[in-house]
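To keep things simple, chains are lettered A, B, C and D as they appear, and every chain counts its residues starting from 1.
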Amino acid sequence: MSLKVAVVVGNPKPASRTRKIAELLLEKLLDPGTFEAQVIDLADYTTEIFAWPSETMGALNAAVAESDLAIFASPTYKATYTGLLKAFLDRYPANGLAGVTAIPLHTGADFTHAMGPTFTLSPLLVELGATVPGRGFYLALSQMERVDEVLDAAVAEYAGNIRRVASLAGALRADIPAS
Amino acid sequence: MSLKVAVVVGNPKPASRTRKIAELLLEKLLDPGTFEAQVIDLADYTTEIFAWPSETMGALNAAVAESDLAIFASPTYKATYTGLLKAFLDRYPANGLAGVTAIPLHTGADFTHAMGPTFTLSPLLVELGATVPGRGFYLALSQMERVDEVLDAAVAEYAGNIRRVASLAGALRADIPAS
Amino acid sequence: MSLKVAVVVGNPKPASRTRKIAELLLEKLLDPGTFEAQVIDLADYTTEIFAWPSETMGALNAAVAESDLAIFASPTYKATYTGLLKAFLDRYPANGLAGVTAIPLHTGADFTHAMGPTFTLSPLLVELGATVPGRGFYLALSQMERVDEVLDAAVAEYAGNIRRVASLAGALRADIPAS
Amino acid sequence: MSLKVAVVVGNPKPASRTRKIAELLLEKLLDPGTFEAQVIDLADYTTEIFAWPSETMGALNAAVAESDLAIFASPTYKATYTGLLKAFLDRYPANGLAGVTAIPLHTGADFTHAMGPTFTLSPLLVELGATVPGRGFYLALSQMERVDEVLDAAVAEYAGNIRRVASLAGALRADIPAS
């Protein structure tokens, strides 16, 4: 059975470099053919993002919540994730991303805000119930020429962590009910 | 082969309730017989914690870093984890908890600081490279009478997340090198 | 000369209770007749908030940046400030709130997310260069019946801190240039 | 009457560069002759920091709490302030730094952790009731050759903010009780 994967891009401008980086990370992490991916470029939904209720937004939220893996990608705005990405996440109920393995990803001009994905986006994803498999991913513009190398190092960390978590699954008590 | 598990307790007073809660969480999460657990009560090491180098502390740090699962438990001090727990984590090199699935756990007087494990301890553990499998665990004193129920709900979340991450392991690209 | 004051409300629904609480706090803090206040209810600008450039938004941003005091008020969404409020703050350049004394204010259902204004909104305002005069203000719905008492306690803290900062002003070196 | 000023240094090694930077910042900010400064190098108290009660530590805590201005200086450990500094702050009761204007200061190897003082130390100081007058101060080793220039820019920001807060003091309602 195919896995579900989502890439959520919080840049108010469409088809951003941030989106491209997130797609590359996904390509390097999972075996093609094992998953179906949906890319949600929130720039396409700025007129709908504050509507409540909204069938369109509800369907997007549901698709991400049902994903096995989701990459949440944002340019750095005021050291943190964008308001647009937050507005998307605001639509979830408590624990709305339970079961999703979530990778926080920020891009930025330089390293000044490199802590952003780990210290601002990762706790928000954890609050929503997601699993965060290691350090948030940050790419500075100055690293664009060696983006493959930077992504490869990150992917090795995520893959290593995912394998280690998997080794725990067999040791879980059998009598734990589904949450 | 047996899994390695660690419980690290950041209370400056030994044998605390915080330690007991962490041990209960472990007991409810993993099948007995599948793991060996080491409980590190940092109250026993306050005279050594700032010594550098220190064989004693180095051995403790290594034991936790090699664990498959670690629970980091702290009473709430100033809304966050204790300085004692931070002093233990400070001894790690960058990414020093890579491969460890880490559960942040705080206890507190009431719900005022319930965000602590998710918003202050979880990003620190992620910064160290650990995987955080969902929301941090918080227990308020007022919940002590129904501690089993509260722990059961949390354990169900962690178990669900761990199983879902495990489903990703088989889809990782085969050509990702070890990190 | 009259002071400038702004109240920025990040609730996607207009005329919210959060707005009312922020207005009450202002009323209790400053002497009427000493200031002119502008209340910006971001619910009125959801269709404009992601437009770039925007004269309307630019004028609002400027009004807040020129304020002596600003209250940033938000309901609690996912433990933190709303995406709508963040989208407004995202429009500032680096250090764009320098010189502004900024009070972070969240409202929430209960105390579970009481750390939000202090641990999530306050660092964002500090990152923008604002001065934060003590703990963020949080009001739980269960406190509505004694809202005056809760506000009075907070106002006493803010006033005390503001007076103490003022005592420092006379000791600043005379040769420090304007930033 | 003379102001009271404190510099608290959280480096486990005494007489650190971090301490020197904090002292330089103070020298550039306040007019000599207007204040008495106490420098607390926590490296001198590692054997006492977890003792409870402790007359020695109590006297140090009180000196800082009574200060008009305090600089809290730490090297970067795991992206954040040290456990040693946290252990000192842990000794305060709730709101224990009310009335203190507190400047968070981190030093680090490069800019990767430049967000540390603003996003990790500043909310902790605000939680303790202190006023934070703008962005936390961060110095990377690579900036050591132009440390005066970096400090001058920061001092200009802090002085500007302190003057602006002072302008608010006269507009506070006269009927606000002391907190």
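One rule holds in what follows: a residue touches a chain if its C-beta (ideal position, glycine included) is under 8 Å from a C-beta of that chain, and two chains touch if they have at least 3 such contacts.
This one's a predicted model, so the numbers in the text were calculated from it and none came from an experiment.
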item: Between C-D and A-D, the pair joined by more C-beta contacts; value: C-D
item: From subunit A, the most remote chain by mean C-alpha position; value: D
item: Interface composition of copies subunit A and subunit B: same or different, split at half; value: same
item: Rounded Å distance, subunit B centre to subunit D centre (Cα mean); value: 30
item: Distance from the mean Cα position of subunit D to that of subunit C, given in whole angstrom; value: 23
item: Gap in Å, rounded to a whole number, between the CA centres of subunit D and subunit A; value: 35
item: Multi-partner residues of subunit D (each touching 2 or more other chains); value: 79, 115, 118-119, 127
item: Arrangement of touching chains [line / ring / star / complete / other]; value: complete
item: Touching residues (chain side subunit B, partner subunit D) in the complex; value: 12, 46-47, 49-50, 52, 77-90, 92, 124, 127-128
item: Residues of subunit C that touch subunit B when the two form their complex; value: 79, 110-116, 118-120
item: Residues of subunit C defined as touching subunit D within the complex; value: 3, 28-31, 34-35, 68-69, 95, 98-101, 115, 118-119, 122-123, 126-127, 129-136, 152-153, 155-157, 159-174, 176-179
